[in-house]
Each structure stands twice: as structure tokens, then as C-alpha cells.
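Some notes on the structure that comes next.
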Amino acid sequence: MSNPTDFNPVRWLMRNPIWGFVLIVFIFFSLVSDHFFDYRNFQNILVQTSTIGLIALGMTLVMINGNIDLSVGAILALAAAFAVDVQSWAMFATWGNWQILPAVCLALLVGIVLGALNGFIVWKTGVDAFIVTLGAMLGIRGLVFVYTGEQSFYAMNFAYSDFSALSVGPLPVLAIIFLLCTLAVHWVLSRTAHGRNTYAVGGNREAAVNAGIRVGPHMMVNFMIIGFLAALSGVLLSTQMGAATPNLGRDYELWVITAVVLGGTKLTGGKGDIIGTFGGVLAIGILRNGMNLMQVPAFYVYVILGSILIAVLFLDKRFNRTADGGLRL
Amino acid sequence: MTKTMRILLASCGTLALASAATADTVRIGITQNNVGIDSYQTTYERAFIAAAEANPDVEVIVLDAGGDVARQISQMQDLIQQQVDAIIIWPTDGQALVPAVRNAHRAEIPVVVTNSNIAEAGMEFIAAFSGPNNVQQGIYSAEMMCDALDGEGQIVQITGMPGYTTAIERQQGFDERLAELCPGVTQLDIQPGDWNRERAQRTMETFLTRFDQIDGVYSGDDNMGVGALNAALAAGRAEGMVFIGATNFAVGYDAMARGEYWGSVYQSPVDDAEAALQTALDVLAGEDVPKLNYFDTPKITQDNMDEFDRPVF
Amino acid sequence: MTRLKAGGPAIAKQGILVAFIVFMIAFSLMSDRFLSLDNFMSVFRQAAIIGVMALGVTIVVIGGNLDLSVGSMLSFATVLVVDLHDKIGPELAIPVMVLATLCLGAINGFLIGILRLNSLIVTLGMLSAIQGLVLIYSGGQNVDIADQSGTWFAIFGRGAMFGIATPIIIFGTMALVFHIIMTTMPFGRKVYAVGGNPTASVFSGIPRSRVVFTTYLISALCVAVAAMILGSRVMGSQNNVGQGYELQVLAAVILGGTSLLGGAGSILKTVLGVLMLAFIQNGLILMGQPYYTQWLVTWVVIIVAVWLDVAAKRGRLFSPIA
Amino acid sequence: MTDTPQQPALRLQGIVKTFPGVRALDGVDFEVMPGEVHALLGENGAGKSTLMKVLAGMYQPDEGQIMIAERPVRMTTPIEAKAQGVVLIHQELSLVPEMSAAENIYLGELPLKSLGRVDWTTLFDRSNAILKRLNCKFRGEVTVANLSIANQQMVEIARALTVDARVVVFDEPTASLTDSEKVVLFDIINDLKARGVGIVYISHRMDEIFTLSDRITVLRDGAYRGTLTTADTNEDEVTRLMIGRSLDLSRDVNPPKLGDTVLEVRGLSCAPLFENVSFAVRAGEVLGFYGLVGAGRTEIAETLFGLRSPDSGEILVDGAPVQISSPQSAISLGISLVPENRKEQGLVLQMSCRDNITLPQVQDLTSGPFVSSGAEMEIYEQYREKLEIKSPSWRQTVGVLSGGNQQKIVIGKWLSMKPRVLIVDEPTRGIDVGSKSEIHNLLRELAAQGYAVIVISSEMPEVLRVSDRIVAMYHGRIMREFSADDVTEDSLVQAISGIRAENAA
């Protein structure tokens, strides 16, 4: 709980180096690219980051818990497939545009159920979440292929893909959903008992157990939240495509983890926040967007993104030295 | 055709506006599928850039989606944002890019689809398609297979990366044509090789264990075909086995020259790239461009390979 | 504090072994082609590339770290050795490739061992950066060896000794050597100590940084060897040839019961994990199952095998957390 | 208090708890009266922790009854136990570092508004009130990671006060407290007692138990061994009950046979941890370092072991100045360190006893390129005998051994290196009385064998018992040096509280 009266921007940036980085790349691209500093482009960046961003919100919770979820990319793909396919089920044929509603609900439910499954396995078996979700990442992708039969699904109804083009006032609706979810998860994490317990479970599991927090169900809830957000992200992505492809979301888990770690969440758990994650997501979004605008060759983009990830990690380590008091370990 | 006319008119309008803004050069953005993944795409990109540089009136923005649909959608947005004069897209997925193409269409930027086509639903939003006909290539391969086996035999198929349009279309063309042309040829199994020679080799090794009699192998491209050939050679069972591929790679061409590889479909990335750029320029110039511009991808076999240059990739 | 004795019959502690035997029996029953020397040799040969890499990653993981960069490092090494083969000849290409790959390993080792950055993120960054390097080096082109039948380079992937394919011999030999290193040599002991408790290791005078650094060099060396097998087997390479291998390798290591927390694990069990994955792939194709079945099966197998392992260690099936 | 004084606040009857292969509690009876401090004693492994976990609702007993105010209750979670008025204060700090003190105090039961929102105002008001009652100088808003260990302990204690507790269980509460902080804690305990709360007090420190408690219950091997009234018993009797034999607690008074100065430190500084520290230790003597937690003692040891680089000063071994840049160089100079935190710094818990002992020299115990199993066994057997390490086999992972045996393994590890100087930091922390005296005797014996031994301790009886000379530290400085003959408890306390410094100033 930082006290607003003693807010010190320099110290704040030292603790959240990612926002300093966001600022730097923002200024950099504004100066070097003609098309970057433009209101429409900012809209684009928000929409583009919403996919990774939504999942990153959930990943922040899961990682503060001291867990990780590698299966989000596959969950996203399965949810997208459901969202698109269910619309064309015969039972909803007479529903008109309302046929989208059960499709989206079912897709989100799929995400929650798969998240619950991951969480339940982590809870009951005590197997490391990394391993459980690594398995799920393969398995759920298998489910996607079983379900889709390798084909892409597409939405007959253009109303579905029109949704992604909607704007409310100055903001595209996808960006609004992303921002609302960001606020909501931030609120959950910083203001509710569940959110505070998230820190407790990751920061000192034993203490959480002793304090009577039911660690297993608690972690399961967070896996359900990330499942929901991955599914939501899949649904929104499928509205942008008007379709769902079986390979959707491959490698997303890696980018999501990258964004969350850039945002200062510790892999060991107990530490992190949504403000940082939002910064991490924006950093990747702005970099990708800016490099696209500047036409950085694809081959170099890999090198640049990889190096930046390591560099930020290094800076974070420099700024946020833990209290080992100079012990050479 | 009225729809097309309207698009063309719209395109011309854009051109007029754009020209007013940026003097006489046209800016064309291209977003490719996945440049690093194989030589075909890389050679395509080089040829595209070379062709653009040869034309002083053209400025190109070259982007690569890295095989990721979402990233390609972002790149489409970025290109629309930059108000390029035309967009060339090599879709990572034929279905999923339809809304993005539609957005470009709404922004009155003409879109040329290259190499692998957009889904039916998107046809009304594109100015033109330029590229090979993947279904037709599958059909060619089926015909060659049928020919080589004299209508009788057992074959296996190694497909590209599951879920990608090119892989799906080639398989579809092959399967349908084979069934119709040669009911005497049975497909024992179909497994993916992920456009990867080593993985194709592994898949083939397992096929060889599983089936005592394999008369022919159809692979989604020559890269995988050569992997399958390697496996058969190593097992000493390549003799008399018919290997047919698609997208003739240099390795496939050489294997054909050695007589180990039966045939493939010749497809030049240079032609592909140049055709795409030309189509875009034609559209911008207001010419009446047909919707579908397939460039020729002939069959290449041991018999006629002298007529073709060794592929550069 | 009363401690639980690791209870249960000894076999329950060998989750992977149980799963392995079950699968071998199941496949043998379901496919008459499965249980044959030829098929086994073929599976061993296919498993060799992943296997050799998994050996190195096992050592890294026992040392308490992760290595996700092995996939793109494999692409790098294979492209390099194949490309240089025709340019400077295999006798020079191999040492150059090994050196270059070791350099990448040294970068990992420096960032993780010396600077103490988190290994998951560093190797994730390296995964991306090395993939870029490969593409820049090759210009995105496939590389091929022109004279495929004439080069002695063929020995690594295609050759055989005493009727056994070279990849199997290389994999087997390396597994044995690493097993001996890890179980009977001071270095192995130090890796277990550093992975088990890095602080206590430093307090025991073990050069923790150097040990971690070395594990990454070993991992890179394994990748270089895997690249020789791969390059020689395929006689060419694509730029993304190793894409996704890091996860298969990791899955094999995990299946082998190596703890991601470090300090525990075994080279021989990793070999079992590697073979298990390879047999699942092979067995399911032999049974005519579509390729995605193996993903579903792997899902279940990974969780169940590790679960049995964990359960045996804590002496009860379900986790005690409420 | 409505309960009559005769009615126990809490009563346990015939509690049995078994784990696979272990009967951890075997029919234990225990009761606490309101307003009573009841000490629970037993060696490590005697079943105290299990009993406490049963009390706190973390374990379910297999047999037996828990009665609160003579009503049988079932407590299946810590929350239920707390609701019944039974609160456990843990031995190992059970706090979440990234949360505020207030959140930690109310962990698991944060005051809520609608929608699961935390009611911050109530939370901070309530916790600040509690902290004030405890005379704490920090507020509930502070993040726990920024608090000192003692203050963190206060947060832990504050938790007990959030409910109207009938029974508060203190499990080794003073392990990391300084003497002055202990005084505060004892005040709090007495305050609770005066309010009629029943206190269960678990500690290894006899002096504390005799100062505080009204009754003492002793457990051994999971079984109830008896309850004594503190006023009518003495340490000997309690110890005998605990370990089943009597213990020689006297200091061995044989004058040391002193050798040459092995290690000398001149003007060593590592600001702000310690400054201008000078001392020397000779072969055959035990030099005690006494001071409060945070006085800089551990940091000096770490510097001598190459884990910190000093700002200035000299270290001389055998009269020659040396540079110690790493533990390896310290080891090669014959300096070894038995660290403060056994589990985190001393041992690789999942490694075997033998491998832990030979770890520092594994590089040299080779025949050819291989570690010589024979040489390892020889060393292990030698030190197992010498230190009387009780372990079923050399293969046993050290994690399951008792604290005393673990500590012996760490000491054995360094003795096997044949060091010149053995630095032992808090040699008996968390070790039961029986093993404690064994380790004290061992340290004396080592000195007699010609080792130069430095013992760092926060326990005065320990320092007095083992040291030939005592260095008192305060705030990173050496205040005074005493010889064993002229030291008094008073002068020692004054020195480590900085009293001499204030007088001098």
C-alpha cells in the first residue's frame, strides 16, 4: 500500500522499470516514425495488445500465486473454435444475431472449465503447475484438432466480425473490454480479499494455510480466471478474424509470460501487480507496432525482442536488489 | 461483375487521393505468412523486394506475420493506419483474414491476395488474387501418382503443417482427384510432416515399419518428400517406390535428376512475387484485373525436367 | 515435526517405469508391428536427437535452472554445420559449429550463472534472439549439402557400427558418460548440490557460478552433437528445424522425474522419458491413430507419471493442501 | 471471565495421531487453565509440533478429545480453532512479506465490505489499535518486508490478539528476539495471563520457562511423561523427564593449552554492518562473540569466510596478511564456517548424510576422475563416530534428521576439512536440550584438540559455558573483550546494550 502523499516518480520508476521503458520506446518511435504518434495508431496498439494483454492479466494472478499456466494459447484456440462454431449449430438457427450469445457463453465456459481442470489437478496432485500446464498445452491443442478436424471455422454472420470494428466514443470496443478487464483485475488484486490472498498464497504458502486460507480452491479460482480470460481473448480474437483457426495462439504463453515478467511479477510468486503487467504488455505492443511501422526486418525483430527481454530483466535486478546485503552468493 | 467494378472504381479513387498526397510513387504494403519457415518464402520476399526496387515509382513496406494470424491482423491494421496505396497479403489463414481484408476494403485500400487464397467469404473484398492454385497442384500430384503407378497400388501421404491453408488445399485436391481418377490406388495413411524434412523422415520411417508394401509417397512439398526419400533409401526400400511432391525445391530437382524422385509441381517464388506486385500495380493503374490470377505451376517429372531451371531454393 | 516416511511399494516410486511398461504392453497388444527389433531400432534412432539434447537439459535442470533455448540453438547449429559443410568442408565445419554453439551456451551461462538472472526468462529471450540469428545468418534460405552420398559427414546420422545406427551409439554413449559424470564424478555431485541448495553450496565452498555456467556449456555441447546427427541425417536444414524441440525435450526430462526445483533427477530416467515419448509417437502411428492423439496421450502420461512420482515421495496419493 | 478458575480453558485427552509408519502422538493429555502459563517441553521429535497442529486444527487426531471449557469440540481448520479461541503463534515466521502488517494480522479473515472488498478503514483501525496495545512503534500500513525480524514477530503476536483468545500457543517465540524484545514479549504474555487467557509456551530455553511458566508438561517420543508445577521443580528434574537421563551442564574448567595466534583481524570494516573490528584467536581456545541480533557478528564471520568484501582492514592467518575473496580461498586458508541457518545455508537437505559431509572436498576425494566411494565412507564413518551422529545409514537424506544431528553433520563437514579456525554461528539454535549440551561439549573438546574456535551466540548461558574469552558487540563495533574468569552477566549485558558506549560518549 503506497501512500499517495509520498509518491516519488523516480523511485516509482525504479520499482517499475518497465514504465520507464514504455516511455522511452514511446518517445523513440514518436520521433523516428511518421505514423506512430497518431491517435488511430494508439487505438491499434490497444486492440493489438488486448489479446496478449487479457491473458497476461490472468497470468499475473497465477504467477503471484507461484504457479504458471502454459496452456493459455491452446485454451484460446479451443474457445475461439467454440465461439465461431456454435453460432452455426442448428438449434440456434432461428435466433438471428442472438445466436452469437450462446456461442460466446459456451466458449467462455470452456475456458473456465479447462482452467478449473488445470487448477484441480495442481491442487489435488501437488504436481508443479509448470508440468501440469505443459501437459495441458499439448493435450488441449490436441482437443482443438479433434474438435475442428484441422479445419478453420468461419462465422457466417458478419455481425460477429463487425463487433470487433465497433467503437464507443473514441475507443474501439475491444480496447474498452481490455481496459475494463484490466481495471477489474486490478481491483480484484488490490481491493478484494481474494486478491490479497493471492499474495499470501504465493508469498508464504505455509502462512496462508495457517491463516485458514484454502490454498487449493484459491489457486483453482485463479486458474479459472486465467481460463476465462484466455477464452475471452480467444473470442475477441475470433471476432477480429470472423473465424477460428486450429493453430491460433501458438507460442502466446511465452509472450504472455514475457509481458508479465517484464511487468515485474516474480516467477517465484508473492510479488507483482497489474500496473506492471499492463506496462509489460504495452511495452511489447509498442515495440511490435513501432518496428512494423519502421519496417524492421522480421529476422531482426526476433533478436531485438529477445535482447530487450534479457536487458529489462537485468535492469530490474540492478534496481531492485534484494536485501541480501551484498552477500556474495 | 458490378461489384468488382465498384471496387476498381473505389481503388482508383484511393489512388487518386494517394497520388495527390505522395507525388507519383505508390506505397504498397505486403504482409507475408512466415518468411523464415522455408526457402520458398524467403526467395519470394527477395524477389518481391528486387522487383519493387527495379521500379522507381514503387515504395514497399515489407512485413512478416511469422505464421501468426493475430500478428497478421495487427499488421493489416498498421498498414491501413499508414494509408498505403495497396496491400498485398499472403494470408496465414484463408478464413481468419477475411474481416481484416474487409477493413482494408472499407478504408478503400485495394487488397491483392498472394500465393494462397482468401476464403470464399472474403472474395468480394479483394481486388484480386495472384498465385498458384494449391488445389490444382494437389490434382496434378494425384494425376502424376496415378500415372506412375498405372492406377494400382498402395500409397501414403505426408502433409504440411496441420491447420494451414496450403497444406489443407493440396491434400484436398490430391485426395479428391486420386479417388476419382484412380480408385485402384489406396491411401494407407496420412500423417503430417510439418513442412519439416526431419519430421517427414521420421513419419516415413514409421510408415515403413507399419506397412510392408508402399508403392508411392505423396508429400505436401519436396522438402518433406526428400525426407521421405531419405527414410526409404536408408531402409533399402526406395527401389520402385514413387515419390511425388509439390513446390519443386532444389533438393527435389536433384533427386529427380538422380532418378530417385518421380515428380513434383514446379512453382517459382520469383514468378509468384513478381505476379503479385504486377497485379497490385495493375489494380492501382485502374486496369481491369481478373479476380483470380493463377500463374502456371506445371508438373515436373524426370521426363520433362530439362525444360525447367534448377530451383534457386 | 513428524516426518512422513516415503511409503508404498518400491515400484510405486518409479512412476515413469510403470507407465513405460504399461505402454509397451499396450502397444504390443494393439499393433503386431510394434514389438520388433527393427521398429525398436528405428524408434531409438528417431529418439536420438531429442535424447541427446535432453541429456544436457537434464543436467541444467538438476542444477536448478531451465533451458528453453535449445530448440532455436539446434536450428542454429544445424544450419551452421550444413552450410559450412560445403563451404569449408566437414572437418572444419564441425569444430566451427561446436565452438559457435558453445558460445551461445556461454552467453546463457554468463547471464544465468554469473549475473544470476532468471533462467526461464533468459532462455526464453535467447530462444527468440537465436532464432533471429539463424535467419539473419542464412538469409532465410534452406541449406543443403550438395554431395549427399559422398561425404563422410553422413556417418553421424546415417552410418552404423556393428549393425547399430550411429545416432543410437552416440546417444547411448553420451547417456552412459553423463550418467557416470553425474553419479560418480565431483562435477556431478556439485551440480546436485547447487541445484538442491545453492546457498548451502556456496557456504560449502562450491563455485556455484562456475558450476551453473558449465551446465549450460554442456547443454550447448549436447545441442551441437544433436545438430551433427540431425544435419547428417537430413543432409540439409531449415531455419526453424528445432522449433518446438525445447518443449519436447523438457517434456522428456520431466517425464524422467527430474524435479524442476533442481537437485534431483537422473540421466538414465531421462533416457526412459525420451524413449517413452518416442514410443508413444511411434506406437500411435503404427496403430493408425491421427497425429493429435499423441498430444492427448502425452498430456495424460506426463501428469500421471509425475503424479505417481510426487505421490510416492510424499507417501500419499493426494496433495495435503486444503 | 465467566469460567470458574477450576475449569480448564482447554483440555486434551488421550490424543493419538499416527502417520504412515510413525506414531507421532501416543495418548497425550494436556490442559491449560485460564490465566496460566503452561510450558510444553520435549526434545525435537517428541511430538510438540504435532500436538500444536492438532490444537490449531491443522491435523485431526486419530483418537482422543479436545475440550474447550469442558465442551468437546472438533476443529478441522485453523480458522475453526481460532473461532474457538485457540490461537497458534508459529515458530517460523508465518508472514507474507509483500503484504502490509495489517493484512498479515488479519490474514485469512480480512474485514470485508460487499463484493468481497477489503474494508481498509476497519482493517487499519483495528490493527493499529492492536499494535498500539503491543507498544509497537510501526503502523499497520507498513509492508512486512520492510520490518525488522523482531517487529515481524510482533505482527505475528498481534494476530493472536485479533480474537478474544481463550488459549494462545507460543511456539519458540524468542528464537529470533533480542533480550530487550524478549522483555516486551514477556510483558505481553503476562498481560494476557492477567486477562485470564491460557498460555501454552513452547521453548527449549530453560531460563525462560522457569521465569514465565506456572506448570510444565513434558513429552518424550510422542508420549506424555508428566506435568510438574514450576515452583516445585528444577531444571534437572525437567531435563531428566525430557531426555530420560540427567545432564552435565557444568563448564569444563580445565585451562586451555593455548597455541599460537592462528587468525588475527585488524581494523576490519564493512560499513554499515561493522566497523573497525579487531580481535585475535589462538589455537586451543574458544572465542565467544556475544551480542544482539544484528550487531554485526554474523557479518564478520561471513567476511572471514569470503562471502563479503570488507571496505578496509586486514586479516592475518598465522601472522601473514591474506586476501579472502571467496569461500574457496577461506577454505584453503583453513577457515571454515558453520552457518547460522542450518537448513538454508548449511545443508543440501535432499542429499545423503555422507555426501553432505564430504561436499566441500568432493573435488579432492577422487581416484582418477571418479569420486572415491571408499574415501568418502571412511570420512563419513570417522565423523559419524566422533560426533555420535545418529543416522540409520549413510544414504539417509539429511532433511529427515533431527536438528542436533543435522548440526553435527555441518560441524562434521568442516572438521573433515581439518580447518585451523572453526567459526560456529549460533551452534544450538532450534536444538533440544540434550543435543545442546553435546554440542557444547564438542566445541570445548575441539578447542582442546588445538582448533581455534569462534562461537557466535545470542544465548548468554551458551557463551558463558563454552568460551575462554568473550567479545561483546554492539551496533557493529566491539565494545569489550572479557576473559572467562572475569566476565559477569551484568557486565556482558551492559556491553551488548551499548551502555558503555553511552557512558563513554
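For reference, chains read A, B, C and D in written order, and residue numbers begin at 1 within each chain.
Here is the rule we go by: a residue touches a chain if its C-beta (ideal position, glycine included) is under 8 Å from a C-beta of that chain, and two chains touch if they have at least 3 such contacts.
All figures in this text were calculated on a predicted structure; none of them were measured in a lab.
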Would you mind checking which chain's C-alpha centre is most distant from the centre of chain C?
-> D
A-C or C-D - the one linked by more C-beta pairs in contact = A-C
How big is the gap, in whole Å, between where the Cα atoms of chain B centre and where those of chain D centre?
-> 71
Take the average of all CA coordinates in chain C, do the same for chain D, and state the distance between these two points in whole angstrom.
-> 43
Where the centres are mean C-alpha positions, what is the separation of chain A from chain C, in Å?
-> 29
Using mean C-alpha positions as chain centres, tell me how far chain A is from chain B in Å, no decimals.
-> 33
Per-residue overlap in chain D, given as positions that touch at least 2 other chains | 77, 307, 326
Considering chain C alone, which of its residues make contact with at least two other chains?
-> 131, 135, 140, 199, 202, 290, 292, 322
Quick one: which residues in chain A touch 2 or more of the other chains?
-> 145, 209, 298-299, 328-329
When you check every pair of chains, which ones turn out to touch?
-> A-B, A-C, A-D, B-C, C-D
Which residues, counting only chain D, touch chain A once they are in their complex?
-> 56, 58, 77-80, 82, 88, 90, 92, 94-100, 103-104, 107-110, 112, 115-118, 141, 143, 145, 273, 299, 302, 306-309, 326
Contacting residues of chain A [partner chain D, same complex] = 1, 3, 191-194, 196-197, 199-200, 203-204, 206-213, 270-271, 323, 325-329
Using the touch rule from the top, collect the residues of chain B that touch chain C in their complex.
-> 35-39, 41-43, 45-46, 162, 189, 191-192, 195-198, 201-203, 205-210, 223, 226-227, 230, 234, 249-251, 313
Complex contact set, residues of chain D against chain C = 19-22, 24, 44-45, 47, 49-50, 77, 305, 307, 326-328, 330-331, 337, 339, 344-351, 355, 359-360, 362-363, 365-366, 369-371, 399-400, 413
Footprint of chain A on chain C - complex, ascending = 111, 115-118, 120-122, 124-133, 135-136, 140, 198-199, 202, 208, 247, 250-251, 254, 260-261, 290, 292-296, 298-303, 306-307, 310-311, 314, 318-322
